[in-house]
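Both complexes shown next keep subunit A, but they swap its partner, so subunit B is in the first and subunit C is in the second.
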Partner chain A sequence: MRHRADFSGGELNVIVLIKHVIDVELNVRVRDGSVVQDGMTYVLSKWDENAIEAALVLKDAHDGEVTAVTIGPERSGESLRKALAMGVDKGVHINDPATEGSDSMGYARILAKTVTRQPYDLILAGRQSQDTDQGGTGPMLAELLNIPLVGNVVEIAAVDGTKLTAHRNGDAGKEVVEVTLPALLTANDSLNEPRLASLRGIMAAKNKPMEILTLADLEIDPATVGAAGAGTEVVEMQPPRARAAGQKFEGAPEEITKEVMGLLVNEAKIFG
Partner chain B sequence: MVKIVVVVEVKAGEVRKPTLELLSHIRKSGFEADAVIAGENVKGLADRLAGHGAGTVYVADDSSLSLFSVPAYLGAIAEAVEKSQANQVWFSGSESSKVLAPALAARMDGAYCGDAIGVEMEGETLTVDHPAMATKVIQKVRFRNEGLKVLVIRSGTFDVEPAEPKPAHVVELAAPALDDRVVTKEVIQESAGEIDLGDASTIVSVGRGVKGPEGIEFVRPLVDALGAAYGATRAVVDSGWMPHNTQVGQTGRVVAPDVYFAIGVSGAIQHMAGMSGSKLIIAVNKDPDAPIFSIADYGIVGDLFKVVPLLIDEVKKVKS
Partner chain C sequence: MNPALITLMLTAALVVFSYEMYVKLALLWRLAPENRFDQMGRRLAKLFHLGLAQEKLIGRKHERSSGAMHFFIFWGFVVLGLREIIVFGEGFQSGFQLGLPIIGATSFLGYAYTFAYDLFEAIVAAMVVFALYRRVVIKPTRLEVSMEAYLILGLILGVVGTDLLFGAAKENLIVLHGHAIPYMSSSVYGTEMDWSPMAGLIAWLISGWNEGALIFVYQFAYWGHLGIVLVFLCILPASKHFHVITALPNVLFVSLGRPHTPIALMDLESEEAWEKETIGLNRIEQLTWKQGLDLYTCTECGRCHDICPTYVTGKPLTLKWFNDDLRHHLLEEAGNILRTGASSGEKSLVGDVISHDTLWACTTCRACEEVCPVGIEHVPRIIAMRQGQILMHENYPEELNSTFKGLERNGNPWGIGYDKRSDWAKGLDIPILGLTGETAQSVPDNLDVVMWVGCMGAYDARNQKIARATATLLQKAGVRFAILGNAEKCIGDLARRSGNELLYQTLARENVETLNRHKVTHVVTQCPHCLNSLKNEYPQLEGKYEVFHHSQYIARLVDEGRLVLDPALEGTVTFHDPCYLGRYNGEYDAPRTLLAKSARQEPVEMHRSRNESFCCGAGGARMWMEETIGTRVNEERVRQAVEVNAETIVTACPFCMTMIDDGIKQTGRDETMHVRDIAEVVLDSLVAPPATDSTDAH
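Coming up: the complex of A and B.
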């Protein structure tokens, strides 16, 4: 199967994977092994905003269509609408209770079936989602689709007829990677500054196509995804280990620095 | 029976400390470990790995592996896992692990956890502690018993036990299959100092409070006096004052050194998620309400341009 749109310096069709997540900027509380949902709100995962922005910049340069895809319950539609308001052309919402409890692999399996319904040149995902902090879905999907993968992209340097050059933050420095399209990139937050949706964008979003799908529509066996198909399960959540209350020193710099150094030497014994 | 393949990380011709942490812990726990090492001129490191308990060392030593490449590295690791018939693969936390580990899980139809700070085995059942939601919760993630389990373990999670090198049982892997659809053209080497953040027992990180490139150099003598690695916040890295791979935090390096100095760092959740596991935290900030003070063991409220020179003097005194 060929899943490459006809991009030869012409249109570039991009699929962006987005997730609607609990707002981790808020005060997240844990009770009885799970997160207290009361009073929590949900937002578009930050790194996915970077992925959307990158897609829109590419669209401006090359034309083509940007499709945002999300898997999640009813409320996830909000993030899709935000994506449409930012300038994405089309939304796809996989809304099926059987997807609940998926791990990254479960989502990757569903996405693999979803993205191959239409031709694409590029898939963009977040480096990790803000609720799981796993960073699994993007690389897994690339592997399932057998397309080139560049993870943790900080710059998209060039795109020509069949190739794209991306810079990724690697271990030894910035890696300059050239991939043949179609390919999958995961976005680091340093990639760009996501635009805000304009009022006009918000109005326009109302008339943009939004497709709602179930696992049956995608011919996915529910036993292979969701909690049923998951290789990992979150059995419990705990608050992080509290750090012992520290000491704060205020006053004349000479005095407090000396005092702290004394403690580092004698109390914390950091110099052996 | 638990059998683990450890994916070895190399820097400047040496096995990196996080790899030795994993091998040390596996040996102490009484599990069997093999190791896989991919790179150029890495074969000589096999004896060191054997000394730390690696039963078989799978080696992919090829000039085509001098630069990081997903297909080449993934191919080597997958082949080693197949040959070793392991049921677990342990990666240490690094940018290459972050892409290789999930891709490996997908290729081998395994299960995956991308960042573990604790590992528990009960019979065949593996459960790991995984910080999520910017480290506002710790999830207990349990793996299903069947199939391959792939995990990335944060550096600093375990201690390195000393060990002498010994002759290794080496299995050489075939030259990596090249995939010209993805080619690393070059690595723009960047480094703020000699010591890698993941290997360091002391880290000094600077934030926007240092004001500019001169501020970076102003703090550097403290880094040198402490024999520390030099890190930064995203604000500093995005301003171009420090190289990208010095960024500490959720989207940079996640570190847990013995001692962490945060100088002119406000303490945003994304930064703290990358360093709150440090054993001892010392913060210097002129704002008494800076969030960093909520996790600092020792907080110095003051102007870093006054405090840092004083610290340097004191450290030099102690060290001499």
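Coming up: the complex of A and C.
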């Protein structure tokens, strides 16, 4: 399923996958096993902002078109509009109730159908979404599309013709990876400093195309996605445990060191 | 003397002068319009105070001697202006003054005027000598060695010197050598010699010179005088001493906002503004004509840079050079602007003419405007340039990004959840407007006031204590108040001062909507930045409230006997004036009154206090940018407090609190020096809450 745009003109067409998530700065409360929606606000997932920024930087250097894609209810349009205001050229919004309850695989299936509707050179996504922190959709999509994946990218070093060199944070240190395009990259937040939507951008965004699609438009069987097609099931939601208050130590450095070491060893059991 | 020659000289000089003036005025005419012709009564009052009375020159204690010098030179020029008409007239007709109305030979005023100019010529000469002494020997930091300054001083000395010499030679020729030169004489008032003690003194000194020498001096002094005056006239418009001509109009057209004019509300969706790139200040011709006049008027006296917290700490922003750079750029582009209405665009206004470091260094503290003798408005230009950089060019310090993002998402600069905004008030039983549910405190009827907490009071650990202290004081005094809880958002000051008018308007409109929905009429806040926006800038968005700073509100409660104080604050204390309370809102006394009632010792004043207070370094969104150039502003302020041996610095602004607290820690003084908010020291000094008949539940 390789879909390459015609790269001869040097243009680079990029698709950015974004997600509209609960603002994790808020007190997320859980009642009866699900998140209390009252008072919740939603924002663009932070790693997705890095992905958008990377796409826009590439666009500045190589021309081409940047398309942002999101899956979610009506409100997800806000994040798409923000992406457009940041400088993305086109938005695609898959808004279908049947997508609700999708797991990473479900999202990846929908996206696979979506991105292949047009030629592309590169797909960028956040390394994980800020709400579920799963980090599965990107890699699964790469697998479905049968294109190379570089996860947790901290630098896009070079793009030439058919190849892209990226630096990623791996377990043992930084890895320099060269891939053949098209490829899928997931962004680490140290990849860049995402720009703000400028006034000019906000005004320009009003006239940019935004496509709203249903599963039927994409010829996807609803049974394969959403809660119905999910291979995983969220059995229970629990609120995050409140962190214990910090402790302040006073006195001579030697004593403090001894005291802190004692606590680390005996109470926190960090060595055990 | 020689009417033909005088006519020639005068015509030549007037042609040059008129051409120079024409260019300068035509250029102003091409700049952006602004109405400064309103409220002429108040304008004339400004002209009197700043112009004739020279208030900013002799009124400042640190600048009194140079101020007095200027005062006398100024009045010397006023008196000698008339004298020049007489001198030139003399060339056309000997004894010109004699026949003039009002100041002629038969009028007492003629003799009084003779005495006045004689005296003022001597005074001006003495002042010029003092000015030279200052420049050569004292060398004040705000002045540079400048040949132009010496030239101008030399010319002034020449003007008064030649006229005195002329008078002296004339007197000797008449009295000693019987020359028939007409002179002022009257049976009632005596002769003009009787009324010219200074010229008389010089006449006495040169009385031994022979007739030929005197005739030479007489002629030489006369023509020399005319020459110098005309050269002076032609040099003025081309030099920084243009202020001799422009200063009076400049103070007449000064901003009348009290004490400053709020930033104008920008129409962000105006297509015309986008087309013409007038979103912010992006090109030199977008200055208003008054801002152009400001540039002409700056004489580089340097009062603004001596007082500027960024200059003092080694930042590239020094306002007199800021003015100078803009003026040069304006004049350099004068031809283009006059021809086409637009500058060439070869140099970018920000970047080439004014560096980015310079633009972003400003803390908007307004000290420069407070001390400028001619009322130059520095800060609005800086804000306008920042608006251009943020809104049009999207070129600004990267650190501001996360701050803006936080404001966009959660209405506070850190981006902490908006739903944590009222966490500080837990356990204080403060009613929250618009909050319903079982945990909500009931909001009392007939609220006295709404407490505006501000982001710092709501989220910053140190400043939460101040919010709590303020709320506690209000409760103890039985004030019926409430807060907006999580519905409050950042007031927008930092966004506006950084030039992000879009973000400011978004935040401000939401706040106005919330306040108006709850029909709020009175607001009290412990943040002077919030105070300033609520009081002076929200009315632009139909948010009209009576707004108090907590120091004002608490001072009133103390006055009314609703809070009783017994001084509890020990040691040497000093008050640090927040810029947005003092210079921006004219309040210097309320916190001092409270401090005097809370401190055991009489508070001491720092060298820089009240309207000349030294900024903490946080204003103008500087709080949210890195300070990488020079030394730190907050450390400098702490050093100034050390100078007066202060053990406790009391302030009345959450940003000052944080900056000074950091300054104390950064300089390793946290054992010996502390910073408190005025509400905290009042709370510590509170005796028992007086009996109250309040219906408040607490």
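General remarks:
By definition in this document, the second predicted complex is superposed on the first by the 235 of 272 C-alpha atoms of A that agree within 3 Å, B and C clash if a C-alpha of one lies under 4 Å from a C-alpha of the other, contacts with A are read in each partner's own complex, and residues count from 1 in each chain.
We take it that a residue touches a chain if its C-beta (ideal position, glycine included) is under 8 Å from a C-beta of that chain, and two chains touch if they have at least 3 such contacts.
In this text the structure is predicted, and so the values were computed from the model without any measurement.
Touch criterion not met for A:Ser102: it reaches neither subunit B nor subunit C. In the superposed model, A:Met203 makes contact with subunit C only, not with subunit B. Looking at the shared chain after the overlay, A:Thr70 reaches neither subunit B nor subunit C.
Using the contact criterion defined above for the overlaid structures, shared-chain residue A:Glu25 touches subunit B and also reaches subunit C. Within the superposed three-chain model, A:Leu264 lies in touch with subunit B and out of touch with subunit C [touch as defined at top]. After overlaying the two complexes on the shared chain, residue contacts for A:Arg195 are found with subunit C alone; subunit B is out of touch.
By the touch criterion defined above, A:Gly39 lies against subunit C but remains apart from subunit B after alignment on the C-alpha atoms of chain A. By the touch criterion defined above, A:Asn13 lies against neither subunit B nor subunit C after alignment on the C-alpha atoms of chain A. More residues of subunit A lie in contact with B than with the other chain of the pair subunit B and subunit C.
The interface of subunit A with subunit B overlaps its interface with subunit C at residues 25.
Interface residues of subunit A facing subunit B in the complex, by the touch rule stated above, are 22, 24-25, 28, 30, 35, 47, 103-105, 108, 127-128, 130-144, 147-152, 154, 165, 167-180, 183, 186, 188-190, 230-241, 243-244, 246-250, 253-254, 256-258, 260-261, 263-265, 268, 270-271. Subunit C meets subunit A in the complex at residues 268-269, 274, 279, 391-392, 394, 398, 401, 404-405, 408-410, 415-420, 486, 502. By the touch criterion stated above, subunit A contacts subunit C in their complex at residues 23, 25-27, 39, 41, 43, 193-196, 198-200, 202-203.
Interface residues of subunit B, counted against subunit A in their complex, comprise 9, 11, 67-68, 70-71, 94-96, 98-103, 105-107, 110-115, 127, 130-144, 147, 149, 179-191, 202, 234, 237-238, 243-245, 247, 250-252, 258-259, 269, 273, 276, 280-282, 288, 293, 295-303, 306-307, 310-311, 314-315, 318-319.
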